[in-house]
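What follows is chain A paired twice: with chain B in the first complex and chain C in the second.
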Partner chain A sequence: MPSEINIPEIDWSLIMPSLVIVSTMLIVLIFDLFDAISKRVLGLITIVGTAIALVVSVQLLQAGTNETQFNNMFRIDGYSLFFNIIFLISTILVVLISLSYLGRDDRKQGPYYLLILLATLGMMLMAAGNELIIVFLGLELMSLSLYVLAGYFRDNPASSEAGMKYLLLGAFASAFFLYGIALIYGATGTTSIPGIAENLTAESKSPLLFAGVFLLIVGFGFKVAIVPFHQWAPDVYEGAPTTIAAFISAGPKAAGFAAFLRIFMEALPAITPEWNIVLVVLAMLTMTVGNVIAIAQTNIKRMLAYSSIAHAGYVLIGLAAANKAGTSSAIMYLLIYCVMNIGAFGAVILAKTADGESLTISDYAGLGFKKPLLGMLMSLMLLSLAGFPPTAGFVGKFYIFKSAVEAGHYWLVIVGAINTAIAAFYYLRVVVTMYMREPEDELEFNPYPATLVIGLVLAAIGVLLLGILPSLIVDPVNAIALN
Partner chain B sequence: MSLPLEYYLVLSALLFTIGVIGVLIRRNAIIIFMCIELMLNAANLAFVAFSRHLGQAEGQLFVFFVMAVAAAEVAIGLAIIVSVFKHRETINVDEVNSLKG
Partner chain C sequence: MLLSLVIFLPLLGVIAIALLRGMGPSVVKGIAFVISLLTFVVSIGLYAGFDASIEDFQTDNELLYQKKAWITGLGISYHIGIDGISLWLILLTTFLTPVCILATWNSVEKGLSGFMMSLLALETGMLGVFCSLDLFLFFVFWESMLIPMYFLIGIWGGERRIYATIKFVLYTMAGSALMLVGILALYFQNGNSFDYTTLSGQFDHDSLLFLAFFIAFAIKVPLFPFHTWLPDAHVEAPTVGSVILAGVLLKMGTYGIIRFCLPLFPEAAKLHTPWIVTLAVIGIIYGALVAMVQPDLKKLVAYSSVSHLGFVVLGLFSQNHDAIQGSVLQMVNHGLSTGALFLLVGMIYERRHSRMIVDFGGLAKRMPIFAAIFLIVTLSSIGLPGLNGFVGEFMILLGSFVGGAFSKWYVVFATTGVILAAVYMLWMFQRVMFGKLDKTNEALPDLNSREIAVLVPILVFIVWIGVFPNTFLKPMETSVGKVVEKVQVVPNTPELGHVINHRDTKASLPIRNIENTKLIEEEAQTK
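After this line comes the complex of A and B, so read on.
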């Protein structure tokens, strides 16, 4: 009769990135209590805390860490650390574009940054989860924070509505995800990711397992907005505060794919042929539907929402390739996508007029010459999203398609290439509107806020740097990709 | 006398299906939310049944986490639904449809 309890030894240095985020959260919470402290400081604290966590993650990554913590529940390897870097970079950029978006003395700033940090922590848990419980808890921590953030502007009916839609569909998806875990647990007798791979022998390939994997795909499909589970995305992006739309489109999508990749590549390699074909079909559907519907949009936030759905399709190509090149290209694409998409949303915020944001694409007419900086940044981000060289978007798409060719999915590459052409049409339409059309009426634009410009310039540097020197990212990603 | 595992699984699958159908056909946000809770509890039942069948504690442990998460979800969900009600005086999801295109 074992009566002693083994308390696992905790190596605090390994979980330092998460700890830094938690401490930053507590500091924000405490500082928010004092009225004497300007609320503006809270955003700066968030940036500093996130930057420290970023530095710690980079150091751990360079040290080649590959360990588990908490009885193998938490895995700190190159994969989770690299995803940490993606999440933390997205968070820093989002906070930079948020600083001016929220009013200077807005009392609601404290909870806003707190929730952003909580969501970031959830994402880090998802990438590090070596156990389905941790993945589920990370997913919920992230999702619950995002529901509140989407409905954060309570006085705005559209924001509340976005919050409710996101909540109902997100919770629905979580239930599918959970039931999938339950069935996989029943079929394999464990919820540990390496454990599932071990127990998955020929005779345990039961209908129960396939039903579980199917439900898992449905759950992830909702979270990362894959067609046919994408309907929530345009409504939520349109109604949510623009900064939060940028946040939801970047980090959480990367986190969803992080867990998706980890579970399917590490726990379910034994049934790769079965899930592979499903992902191929979903990738084709997602790219095509996302891009085709994006053409018809007149609201720029909705257009970016459909474009982000299409980008989830490109990442799925990497997953469907199901080899090392596929994983590494998907991870690289996610990093590039996060930076350029936050940049595009940031440019939308930059085009703020006295009476609110200009969200209709025709509002951008003539902006290119009237507001050169805005026009340049917006064009750069859109060209990168469209995948033109020498931007990072081109590098990302190139490696994704290369991995699919290596895996022999030629049809997927053909559909992807056609989609890139369709996508170029609606991205370029905005650029053309900005530079070649005369404005219909004179819009009074607000002066540029410094922090927003800093965030956008950082994103622009990132997009150009990775586009011109892809080796900066290709080599590290190849070193950490799952096999 | 103990019932075989299948009985529990069938019950759990039924509850889950009722939940899914409820989410798809009911239009009141609160009822939809209750149906989602039903789906979560169906998963809990499956966890406990498997856990008992396999003779492990893992599945039951999972249920505790799920219950905590579900409680948090209800707190946030009801708050968001109340804030929508304040604007529209309705929580019928067909009438809350200003966002579309």
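After this line comes the complex of A and C, so read on.
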């Protein structure tokens, strides 16, 4: 009997953001073939393409789109569109800080932007996945691109090591994740997110299901660097090109949380009490371990790596709150975090000396007065990461804590608030070094690259604007939060 | 609108300096001074428009009250207003800032524009704390004022400035972490609102919330044993940093207590009064004893602050109208006297580059003007009748002795602090000013006209409060009365009313409760 392939009707306008990214990728690929074209154009094409995708996403969001496509596998709702915005903003900022970082080496340019776009596409799939398989597909698309990007500087042993380490541990995590999907399928008979929620009756609360959920947590825990699955992060951040460290710490982390939130809030609400307690413990552990170890770091990239682990802990608070405010605060925090963290890494790149990178914190001594712009931008980003008003970081943390108090997790908030104080110590230490210590030896600096400064100034404006007028983001985020 | 202008005028100065910093140090100093002076002038308008008969916030006066939606999604509004308590702290802040800028005219060598910007940003933060009627807004100002202070101590401070500034920030942040949890808990129990004016009566017994707020404020005051950051911060801070720290920042703690801890959680406050008052008395005596043995002038003044603020906390928890009023007045007094002391220590340090008492002696011969002013300020700090310190301390001690909610023994012990204060201050004065003049000190010049101009306005207020305390007590009377009403109505001693407040007619006793009025009548009849 001849089988009939059912081709669903597809409304292409709904997946326009993804299509724009794919087209941009193709353009970059084609342009890279011709030697006559300056390869520096590729970065600009990437920015333009991403910006168009951003505009399209914003328009779809404003139109209040809420539909599914591809046999209910792909979901275009406010949630996924808002995450698209987070990813695309991150990508634009990362490309802006990359333009000067890659230098004039033409061979490096094409594949770099291509992989960044591919990873972005993967993230968008993860946020839009209405089906565990799609989420996995997006996860792999993103991860594989990132493995290559982490080891992008082949000549640099640290970079190669970072790529290798990331690949090995990441592959394990993906396996765990896939195994988790299989077990959940076994328990509920479906991989569709709404389907799981429907099939999750009292009888199906089997050990099989819990084992599957546990494996999902492990898989996500690795991707977003939650303690105790965080060990890869510092090594990868330190070894990978700084721009890629910024990229990995921002968009992919947000994407991991996008799928994490969607699956746990929409597919597994029936067993909320069970996973909730695990997440509360993980959140406390992640914040505390991340912040305490960050204190001991002398290398600023490693410090930012541990800080980004701690920030994953803050986002987990929102997830553990398991209410509407929790979701919206987590989404808002991810956007703010992406902007300020890329900004901080950008400032690290800005502080590059003429003969390489100044990466230990003590090298920053006296920079605040010697390079006022750098000092101001770096301080702003660090103060925002530390959560001081009137920066966006403060509003983000406040909203997260608020949602947890609403859910009754007082202890979680107290631990979180104490962690904020611990974190202030190491963020401020960099500021102390920049402004309050005398420089030990004279360092030579290159002039500021214009594109990098543009990227940083954009991030700085974002951090201040969202800090002073949080309504700009609070209202839209509240409108799209999962309930 | 006027209130917003007062709060944000200094911030305008920050922006102006940032834009015009290239035009040289004199322009930067000029902008900073003019802006801060202008802020003071505008803030006098607040006093002019203030209606002392209103016990609540001046909600009807558009100049002194403002409420605007800010973050609607989270129920947060830009909501500011003042009452008789915050009025004085605002005026103290706007008064001390231009004084500080004038005092620091020639002493900042590096990063002058940064220094002035930090000082002005700090002023905005402090004013915001005193005006906020939205808990979120309050917390924003409370936290944001940390950053400029952190830079002031950390960049322009002394040898161990980095240790001191980090300690200062971490102590405050640890406290505010708890307060944040408290604020959030209040929000949900108050029907999803951060509005201060709607909070009341529902949390009377909530001990946990009380403690969440109280510990944050106790660190800021600082109450013994949370005080260890203070001597470090004071000693390492530049002169004006110390002045602002002692003059205004510490008051944010006591202000927090009277604004939040007492009226929002009155029953819990009563429950915890015994140990809090015990700590306050320990602080009074401990601070005084430690101050006595300090070889360093600045450290001596710093520890004297611990002692003086112990009195303020004692008065605040007495549940007695006069004592609480005395505490509020004493906040202002301490800001003036201790601020002036730090300025004087700074001036002598600029000349001699030492703050060690042993390095001085016989200065009165070389610097008569300096000695005279120093004497007045010292006496004010000790509490000589006729100067400001006396009025505040006397009201606190008498009020809490006669009508206090705790054993009279607390007050007896606290009073020894007054004697100890006389010991350490006068002994210090004697060692610095009298005796043999050291050879190295022979060339020290007396105060110049700028320095005199810095100090004279403070002296004016020191004498003014001492002689006519009513100017300052009247406007705060009804607002303090409202707090007392929440905590407990304790009949006041009629004598006290006559001695201190010159309340001659019953008409001028708007907040006196009925029992009290009866008491006075009965007394009059028996006479």
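Operating definition for what follows: the second predicted complex is superposed on the first by the 477 of 483 C-alpha atoms of A that agree within 3 Å, B and C clash if a C-alpha of one lies under 4 Å from a C-alpha of the other, contacts with A are read in each partner's own complex, and residues count from 1 in each chain.
By our rule, a contact is a pair of C-beta atoms (placed from the backbone, for glycine too) under 8 Å apart; a residue touches a chain by one contact, two chains touch by 3 or more.
Quick caveat, the model's predicted, so the values are computed rather than measured.
With both structures placed on the common chain, the touch criterion links A:29 to neither chain B nor chain C. In the superposition on chain A, contact is made by A:299 with chain B only, not with chain C. Once chain A of one complex is fitted onto chain A of the other, the partner contacts of A:270 are absent, as it touches neither chain B nor chain C.
Judged by the touch definition given at the top, the superposed model places A:167 against chain B, while chain C stays out of reach. Residue contacts after overlaying the shared chain place A:401 against chain C, while chain B stays out of touching range. Within the superposed three-chain model, A:197 lies out of touch with both chain B and chain C [touch as defined at top].
Shared-chain residue A:85: touches no atom of chain B or chain C.
Considering their complex, residues 9, 12, 16, 19, 23, 29, 32-33, 36, 39-40, 42-43, 46-47, 49-50, 53-54, 56, 58-59, 61-62, 65-66, 69, 72-73, 76-77, 79-81, 83-84, 86-88, 93, 96, 98-101 of chain B touch chain A. Those residues of chain A that touch chain B in the complex are listed here as 133, 136-137, 140, 144, 147-148, 151, 154, 157-158, 160-165, 167-168, 171-172, 174-176, 178-179, 181-183, 185-186, 189-191, 234-235, 238-239, 297-299, 302. Only residues 70-74, 110-111, 136, 139-141, 143-144, 146-147, 150-151, 154-155, 161-162, 165-166, 169-170, 173-174, 177-178, 180-181, 184-185, 187-188 of chain C touch chain A when the two sit together in their complex.
On the chain A side of its complex with chain C, the touching residues are 369, 383, 388-390, 394-395, 398-399, 401-402, 405-406, 410, 413-414, 417-418, 420-421, 424-425, 428-429, 432, 435-437, 470-471, 474-475, 477-478.
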